[in-house]
Amino acid sequence: MPGRRTKGLFEMDVTSVGGFLFAVVLFIGSILIAPGASLGSFIDYPSAGMVFGGAVAAAMMSFPLKTLLLLPKVMLKAVFPKQQELAPVIQQLVQFAEVARRDGILALEGKTSEIKDPFILLGVQMAVDGTDKELLETIMRTEMEAVASRHKSGKSLLDLVGKYAPAYGMIGTLVGLIIMLGNMSDPDAIGPGMAVALITTLYGAMLSNMLVLPFADKLALYSRKEMELREAIIRGILSIQDGDNPRVLEQKLMTLLPAAERTAKKAA
Amino acid sequence: MPGRRTKGLFEMDVTSVGGFLFAVVLFIGSILIAPGASLGSFIDYPSAGMVFGGAVAAAMMSFPLKTLLLLPKVMLKAVFPKQQELAPVIQQLVQFAEVARRDGILALEGKTSEIKDPFILLGVQMAVDGTDKELLETIMRTEMEAVASRHKSGKSLLDLVGKYAPAYGMIGTLVGLIIMLGNMSDPDAIGPGMAVALITTLYGAMLSNMLVLPFADKLALYSRKEMELREAIIRGILSIQDGDNPRVLEQKLMTLLPAAERTAKKAA
Amino acid sequence: MPGRRTKGLFEMDVTSVGGFLFAVVLFIGSILIAPGASLGSFIDYPSAGMVFGGAVAAAMMSFPLKTLLLLPKVMLKAVFPKQQELAPVIQQLVQFAEVARRDGILALEGKTSEIKDPFILLGVQMAVDGTDKELLETIMRTEMEAVASRHKSGKSLLDLVGKYAPAYGMIGTLVGLIIMLGNMSDPDAIGPGMAVALITTLYGAMLSNMLVLPFADKLALYSRKEMELREAIIRGILSIQDGDNPRVLEQKLMTLLPAAERTAKKAA
Amino acid sequence: MPGRRTKGLFEMDVTSVGGFLFAVVLFIGSILIAPGASLGSFIDYPSAGMVFGGAVAAAMMSFPLKTLLLLPKVMLKAVFPKQQELAPVIQQLVQFAEVARRDGILALEGKTSEIKDPFILLGVQMAVDGTDKELLETIMRTEMEAVASRHKSGKSLLDLVGKYAPAYGMIGTLVGLIIMLGNMSDPDAIGPGMAVALITTLYGAMLSNMLVLPFADKLALYSRKEMELREAIIRGILSIQDGDNPRVLEQKLMTLLPAAERTAKKAA
Amino acid sequence: MPGRRTKGLFEMDVTSVGGFLFAVVLFIGSILIAPGASLGSFIDYPSAGMVFGGAVAAAMMSFPLKTLLLLPKVMLKAVFPKQQELAPVIQQLVQFAEVARRDGILALEGKTSEIKDPFILLGVQMAVDGTDKELLETIMRTEMEAVASRHKSGKSLLDLVGKYAPAYGMIGTLVGLIIMLGNMSDPDAIGPGMAVALITTLYGAMLSNMLVLPFADKLALYSRKEMELREAIIRGILSIQDGDNPRVLEQKLMTLLPAAERTAKKAA
């Protein structure tokens, strides 16, 4: 059921997208309503090249290529996050615990085709294969840390763009000012010259504050949520391997949910 | 007794409100007494839209919708805090310990209607239901952490507004300057043009320093106090479940109060 | 002997006061010797109201009233600190240990009138009352932490003034600039208008750097010293309650003094 | 096979170099396409001396000579990193464990000529010499920490240049402004004078943001990777000394690799 | 041999001194080669008084007098550091361990006249006096922490000057600007007036970046080295008191040296 899965896991984050569009509308609107202003005077390709290019250059120097290539995926993730709820995962794990208790852990083999989350799949397969408990936990934690570290790289990348874009904006403005100050024979050119010089600073501030820094915060949040989910999965798999009572497992995992959601789930 | 409860739990924080009004009076007063100034020249709707709208946009991109919708509640909480004193809570817990010791823990069932704090209620009900001690503690701590994390989200939200409002203020000023510098044919328009450009920076600084950042600090303080209270409640419920001597429980919890309040309470 | 006590405990911190006066003299002197400058042009009551009032408003919004009312006491404490030396306290504790060893712990009852430090008094009285050792330590540590937290609140209050005073200074300058830029019909008024606008920034920088931030550092230092002293007292009281040999106690506490003071004390 | 080794260990970091060249091209390009600008007006030797020299002077005052002399090597390392993959090292360690198990630990003596990594060599030689296990671990960890601390010094050095270059840039601009403001008899000289004054600020921002700070981040990344590798080596050598089963060792070390690489390796 | 000792322990840090002189030469040189500039226009006594005096005033308000009086000593220490190498200290401790093993610990009494380092002397004398092992360690660690805390105070003092010097520089510039803006009747005086106003900012930036901050970093480094040395001494003395085999002691302490130095020492 790939359709359902995509819907369940990769729904668009309407708030993120809406926030960004709102910021763009604010910016364009504030120019359009200003008397004597035109959007055209805010478009300057060399300035855009300096700020965007500079941020890319700094990212190339700071990160390995492998991390850099994550950037488009990282940006997309803030817009189409992989949001999995904790409650259905708990339900699935409890159900597996019931199967394992009733028919033995090998009976889970027949369930693997139902598992859509690769992390749960990894754990269940190792449990079915009779992997040593300690080793199973180490492997799952290493895997979880690898994902966490990938998320952290993605966030660092956005943070870096958020730091160097204004820096290159300032460098561009200094270049513009130096050019303008060296050619002051025509006083009428001073104003427009300075306007152009300031555009790189504006681009740097916009790229940083209207796009990457808020998205970096949202990514950190999604990462925290995903790690909580994976923590629950690890505890669940270990508990299944131990042959724990499914009720005890449910009680244990339910404590990870705050009271409000706990009650809602019971009622459902 | 909802009237009494509202008074006890949600009294207005007069200092917070007074501080904000004082800041507003200072600002308006300083304009009114300046020769040649009018309040009108400090009101500019597009500038306000840029700064307030920008902060909202950044919040939408940084936080999930659920947290965003907390914002009005969060602001209200800095004005009408839920302030519960530690001493009466200790008294109530000690009284429950006496009942439990005298008539058994089930006798607390009759007391549940008297309990107004839902966190104490949760604990007492679980104790009466005979919930396993370890599970009871885990559930109460998870609940406490969920509240702490909600408080932290609220504070982060204010901190974010306090960070992005000045950033959008600067973006607005840059936009204003670029427009002004591109239209310098009329020298008389330069001054007023720049004045308008500076208004977004002023709005950003005011929103940040006169409203959200000080309130974020106060919220952090209220959260710390509430967590101390909940810690005492958890210790108390566990002690009641253990059937501790009410005098020992009182002594234990009283050490959470500094000497001054301890003596005051004894005298009372 | 209240006279001697005041002298011993609350001597004026001549360095603090001298430093502040030196800063004031530097400031006034640098104006007086400047050609064409007058002190009068640096006095502007609305600007002072904006910066000082703004800092107070921010403090009202950030802190509870109880902490705010500490401000004058906190400032006084940086000038008249409660400085107690570690060596005489150690001597007194050793003397009490001797009495307790020779005549029993109850014999300390007769010594309580000699004790001027309320923290030592609290400990000795609990020891005489036969308070359980663990409870005694918990109560003394809670009391010590309450003092530490009061000190920390005081320091945070000064830090806050040091942060918001420049912010309100900038707000005031922006207000002044906007007024000035909106009234540029009289070119002769531009200079003085800008001078007045800059005064709030100057006041903010002065309040922050010439008064509150350095005092906040000194308070943190006094707090650290007092906590070291209280740590020694707690260890001492517990040792007395245990009936430790007074020589062993002395040796233990003396290790808290660095070599130089240790030798000086032996010689004395 | 020194040729192969150089290739394997010291390949050029094309992304780093490309990023830097991209930044340079952006900068030069943005000047060349600006009307009325010439590259020549951006070259000012005294300004370059001030910023580069100032950064060197600050580095001389902050670091010992030994660390300073690392600077060229440190910069080269960001361009030609010593990148060792974890997987082949694990393979080699497993192979040594097989030899040690089959023929005794002394049989590894014959393998030492094959070992190219001096850190593995140090460990294997100590194991062959029958060094006490605890001592072997202490020596290897001391060695690893010495390398980590050398890496950290290198990064601190770049961070320092990234901090003081803009500071000296500002000092240079202040000097230029003061000179210009003291000689305003010729109004035509004001613009160019200010242009020259701004060049030091530009140089400082460029040296910091276009070169040293991004490279400092990349170095930190390489250092982290190398420490992970050395950690695996230490664990491997200790396991070999213990006579662990080579399969167990492989399993243990493989957990350090995330799932993706683990599978890739198995397939290979 | 006091001559040799002074040479060994207090050699001038040529790199520090050279770095500072280099910075001074850069500064003076950049003024001398600028057309139309004179060194004289960069000397302004009231400005110097404001910045240097202000830093002193802030230090007086932030630190106790005892710490303040360390300032000249602290600055001297960055120039004439007390640099002791670890290797000869290890050698001396091993030699003492041999004596103590052969002739008993009391035989070290005859060696005390040879000991130049007061910290080693303190340890050896306590060991000879038969001080209890735990007490000996506590006393030596307290002494070591007292030194570390003195170093930290020295560094904090420099950091403080590095923070307040630019702050007072800004205050001075604001004062200068306000005076200048209030007296704009003579347009020719505007330039020089502003030049003078900027001199305090320049002085603040120079005092901070060309002197105190880099020296603060170097002091932190020396302190770290000295603490490593003292740690080795404490371990050595305790090992001697335990009657450890001198070879074992040597091996233990040698692990504190990285491989390179270890080999160099063996060869020597």
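Which chain is which? They are A, B, C, D and E, in the order written, and residues in each are numbered from 1.
Please note the rule applied: a contact is a pair of C-beta atoms (placed from the backbone, for glycine too) under 8 Å apart; a residue touches a chain by one contact, two chains touch by 3 or more.
Worth saying up front: this structure is predicted, and the values here are computed from it rather than measured.
Chemist: Determine the set of chains touching subunit A that also touch subunit B.
Modeler: Neighbours common to subunit A and subunit B are absent.
Chemist: Report same or different for the subunit A and subunit D interface, where same means the shared residue numbers exceed half of all residue numbers found there.
Modeler: Interface between subunit A and subunit D is built from largely different residues.
Chemist: Centroid of subunit B to centroid of subunit C, CA atoms only: how many Å?
Modeler: 28
Chemist: Using Cα averages as centroids, what's the distance between subunit A and subunit E in whole Å?
Modeler: It comes to 45 Å between the two C-alpha centres.
Chemist: Can you tell me which residues of subunit D touch two or more of the remaining chains?
Modeler: none
Chemist: Chain contact graph: line, ring, star, complete or other?
Modeler: Ring.
Chemist: Could you give me the chain order round the ring, subunit A to subunit B and onward?
Modeler: A, B, C, E, D
Chemist: Write out the stretch or stretches of subunit A touching subunit D in their complex.
Modeler: Counting only subunit A, the residues touching subunit D are 46, 49-50, 53-54, 56-65, 68, 122, 135, 138-139, 142-143, 146, 160, 164, 167-168, 170-172, 174-179, 181-184.
Chemist: For the complex, give me every residue of subunit E touching subunit D.
Modeler: For this pair, the touching residues of subunit E are 14-16, 18-20, 22-23, 26-27, 29-31, 33-34, 36-37, 41-42, 78, 188, 190-192, 194-195, 198-199, 201-202, 205-206, 208-210, 213-215, 217-218, 221, 251, 255-260.
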